[in-house]
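Note that the chains are named A, B, C, D and E in the order they appear, and that numbering of residues resets to 1 at the start of each chain.
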Amino acid sequence: MSGESEKAVFEVPVGPQHPALKEPILLLFKIEGDIIDDVMARPAYTHRGIEKATEARNYIQNIYLCERVCGICSGIHTLVYTQGVERLAGVEPPPRAKYIRVIFLELERIHSHALWLGVAAHELGFDTLFYYVWRDRELVMDLLELVTGNRVNYAMSTVGGARRDISDEAAHQIKKGMEIFRRRLDVYTGVVEKDPTVRKRVVDVGKLSPHKAVELCAVGPTLRATGVKRDVRADDPYQAYDEIPFNVATYPTGDVLAQIMVRVMEMYEAANIIDYALDHMPKGPIRTKVPWNIAPNEVISRGEAPRGELFYYFKSNGTEKPERVKIRTPTLANLPAVCEMLKGYHIAEIPIVFASIDPCLSCTGRFAFIDERHDRSWVWTGEQLRAYRRRYYKWQNR
Amino acid sequence: MGLGLVKWSRIKSPWILHFNSGACNACDIEVLAVLTPRFDVERFGMLLKGSPRHADIIVITGSVTRQIRDRLVRIYEQTPEPKFVLAVGNCAGTGGVFQQCYNVYEGVDKVIPVDVYVPGCPPRPEAIIHGVVKLLQKLQEAS
Amino acid sequence: MAMESELVGASLRRPVTLRYPFERRPVPPRFRGRLSWDAEKCVGCGMCVQVCPAFALELVGKGPMAELRYYLNKCVFCSQCVESCPRDALTMTEEYELADYKHKIYEFRRK
Amino acid sequence: MMREALGVVELLVFPGFLFLSWLALYFEWVDRKFYAKLQYRYGPLYTGPKGFLQPFADFVKLLAKEDIVPAAVDRFLFTLTPILMLALAFYALFYVPIVPMVRNVAFGAFEGDLILVIFVLTMVGFLKFLAGWGSTNRFSAVGAVRTAFQLLGYEIPLAVVLLTAGMGAGTLNISLIAQKVASNGILASALLPALAISIVCFQAELERIPFDIPEAEQEIVAGWLTEFSGRRLALFRFATDLELTLAAALTAALFLGGPYGPAIPLIPVQVSYFLWFMFKTTVIVMVLANIRALFARLRIDQMVHFSWRHLLIAAVAEAIFIQVLLAAGVIA
Amino acid sequence: MTGLEEAVEKLKSGIGAENVLEVKHQPPRNVFVLIKPEKLKEAITYVMKELGYQYIITISGVDLIKENQFEVIYHLSDYSNTISLKIRIPRDEPKVPTITDIIPGATLYEREVHDMFGIVAEGHPNLAKLLLSDGWPEDLHPLRKDVTIQQIRERLEEERRKGVRGI
């Protein structure tokens, strides 16, 4: 092992506050020259203790707590939560509610993927694309605001149905918006596919093999970008997804380009789903009543968040508060995969590869990855950090 | 005269550092949205900076988790004077929906001083700009 | 290079920027802003306090004469209280410019 | 006596320090405004008319801000590099014809000043490396190493194309080259490929997208600039603006004739110099901003690869092309 | 007979029907199967190898404080159907065998359960702290039912007063 220590290996910590990371996480890289040798992540920075808090609040309060597990995929969190509680109570939401849920979930998927595409462009240093995508994302945000009343946390799904209806006028506006958005999407697809500098940065970068992806239990677009056709919407359909025809987008190459293309294709697909759902929305009520106290039971609830599979496990105990709510977010499932993807690439590729799984750490906040082969930890303890700080930041005014 | 010029320049050139102290991302994407063409705060001379050394205003989103507390203090210390803190969202204000969770400090002001609170969950981008304008007003009034 | 035609378009068109403090856009119809309370309708049942996920509401006093205290900086603007209120005493206003130098607490009073 | 007094004015006011400072801030404004315009934004808007005073406000604010010197840095380098970089950028600008008032050439013009300016350009790059290295922060260090790598990439093609202009004009005096290019249409059109190459090289020198690798915000925070704050940061930013001015003025002078151009009727020749200079340099800055808006960032190895594989070969080909034209007597 | 019922029958024959204590279907595509703890690895291997499941969704822990037991649930899936294998282990001696050798993707979930309940996955290569802060006391497991949020907060404040950082 003496040979290894002679190599110029040095550690670069990235985070918890770093421009590439919109959220706090500590990534510690072992770098050999310019090549990443090993990755360690510590996302405890966003751990807030939500699972414990759910046990102290009633089912209604928990809707909004779970909505704020993650601000970007807030819709799917409320949906999977409310779907789970409905299953616990043995209540079926009315058909129209199911369609409304599907519509705003797909709108959310578009907004999330557009957001991600912008952030990915930003990580590549392509700020113009970032600004353009976000400009057009505002279109979707306006539609979401029109339908739900808020830009980000929609509070749209509730236990027993949907809280707000979609009027014919709103439906018309959504369709018009989707039409415009599709045209803009064509432009961006062209840019990503043709621009030489973008291609240089994304083709054959952050490769993941389908075998490895399945083995590390990756989910969602990260898995689909390796060509594995898995999507909870198709495999375990919930809400109205079994009545709506759609394709599961996959891309075979497994690099960052594939991650981008899968998400772009999903945006097209989501626009189609929205159009179809608006056309086939049944008339009728949008809510049913659900009892305040829920008898002892246990269920699981799954849904396809923009980032992959979202999973809730519920256990009720006959009171107004749940006995146990377990939340498994997609980013947690994808982090081992991204650590695998990063190895062997340049420092310059950290931002884009890490961003390529669309990390949503606030969801996760419960994870630290240490390479299991080497079984060594480089988590800096508080003491080490303070020593480093004392050494370094003993600054003075002049 | 000289002081007036300095004050004027401070009001006209507030550079921000975005710090996520354990937020749910909603406020973060709205803070980002504020920079994008629809709202474009570069109109006010605001630039998003990556290094705390270059920043004047620290925009903090999130309910300050226990793990991030020391980092927050450190970032605050690294920022050169004069510095201002904008707490965006109610998590940064009081903990919001995460009050009474075991791993949060319930607000940035429990750890470092805050100049302006922007309520909202998340605040609309307009509300964030309004918060910044309020902060600049405070600067204006301060002698 | 694929963006050049877009850039040319941008250089010829007006910016899309909303010059916010000087230019406003209408608030959407379902917007959830600051809470307001109607003393006439409230019967003090406390339902709103029970469902509030962020502990932003507090009943001062008991029964029909109870008054409401609203912690603006705790509210998450979910409007569950509005929905749960049996008498429709609560509404969400369109007010969103709420930034301030300190925490704001609204003491809703019966006249 | 009159001549000396004019010389002092030329040095200090116009087109000396004061005007150059104004010019630097003006170019930053043009750059930011046009970049924003390309992105459907306004850019700076409320600081002075159309945000014109924004760079000035940034500069004053940074001057008045607390200046933090981390304990681990090399104090000598930390203090020296911003001042030296500013001084060098100013120094080089006195050899570039901007608005020649007295002698019809740049203030410090002499035969061979092109070599000096090329040397200064290299030194500026080297100072960036020293500044980052002296900071000892990991991000700064990585940024510094990248600066040095990048220098290896663009420096030689840049020098080759700049000297090509000199070859074509038969002199190494920047002002004389500019005069020659302005009066010789064939030479000017033969130098157009060199203009394109030099713009790409200057984009790299100025560390702007797609070559902002040493400052890549998403990767290494602010690169070699990470640890600088307050006054030092203000000086660095100002020096970078001056570098932009230098790049624009030098490119304009060597390939587009700088301030020299067809006389505009009814106005004195100095005013026409001013108008031509402002027009040409502003267009160059806008082209630089357009490039900035058009690309994603390259990786450092891709950048060096690109420079050696494409830029250098193109630059040498251009030099040979000019030589052939000279030998064939096409360029008089 | 649906695919899942068939799968459960196969599982019963695979690990022995006497080791399957309880089967509870949650339509449409989930089943909870309570098995004996000592048969856990065998059951998971059977599900993964013989039934062709590839994917572990997560591992949930539940504190059954009244029975003085922990329930650990392994949610295995073939992306469409889910078999939730449950085991119950004594609260005083919270140990389960690791399954990382069968499913590499399960490492994080085992560590999460370790953090939250103190359930040790024996044989796990590295059970370091996952999501709790650096200065978190080793004996405090937040999701156990015998501590309330208030108690956790008080404990952490006390630790901080003692000088422990990172909480």
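Here are some notes:
Definition applied: contacts are C-beta pairs under 8 Å (C-beta built on N, C-alpha and C of every residue); 3 or more make two chains touch, one makes a residue touch a chain.
Computed from a predicted model, the values in this text were never measured in an experiment.
Common partners of chain C and chain D, by the touch rule above, are A, B.
Path length between chain C and chain E in the chain contact graph, taken as the least number of steps between touching chains: 2.
The interface with the greater count of contacting C-beta pairs, when B-D is set against A-E, is A-E. Taking the mean Cα position of each chain as its centre, E sits at the greatest distance from chain D. With centres set at the average Cα position, the gap from chain D to chain E is 62 Å.
Between the Cα centres of chain A and chain C there is a gap of 27 Å.
Look at where the CA atoms of chain B average out and do the same for chain C: the two points lie 21 Å apart. Chain B and chain E have Cα centroids lying 40 Å from one another.
In chain C, the residues that reach two or more other chains under the touch definition are 1, 3, 7, 15-17, 19, 53-54, 76-78. Of all residues in chain B, those that touch two or more other chains are 37-38, 40, 43, 50, 65, 67, 70, 78, 96-97, 100-103, 121, 124-125. Shown for chain A are the residues that touch two or more other chains, namely 18-19, 44, 47, 49, 52-53, 56, 64-65, 68, 128-129, 131-132, 135, 153, 195, 365, 382, 393. Contact annotation for chain pairs lists A-B, A-C, A-D, A-E, B-C, B-D, B-E, C-D, with touch applied as defined. Remark: chain B residues 5-6, 8-10, 12-13, 37, 40, 42-45, 49-51, 53-54, 56, 78, 80-82 touch chain D in the complex. Within the complex, the chain C residues that touch chain B are 15-21, 24, 53-55, 71-78, 96-104.
Across the complex, chain A is touched by residues 18-30, 32-33, 36-38, 50, 52, 62-63, 65, 67-68, 70-71, 74-75, 77-78, 96-98, 100-104, 121-122, 124-125 of chain B. Of all residues in chain A, only 10, 12-13, 18-20, 34, 121-129, 131-132, 135, 195, 197-198, 200-201, 346-351, 391-398 touch chain D in the complex they form. Partner chain C is touched in their complex by these residues of chain B: 37-40, 43, 90, 93-97, 99-100, 115-121, 123-127, 129-131, 133-134, 138.
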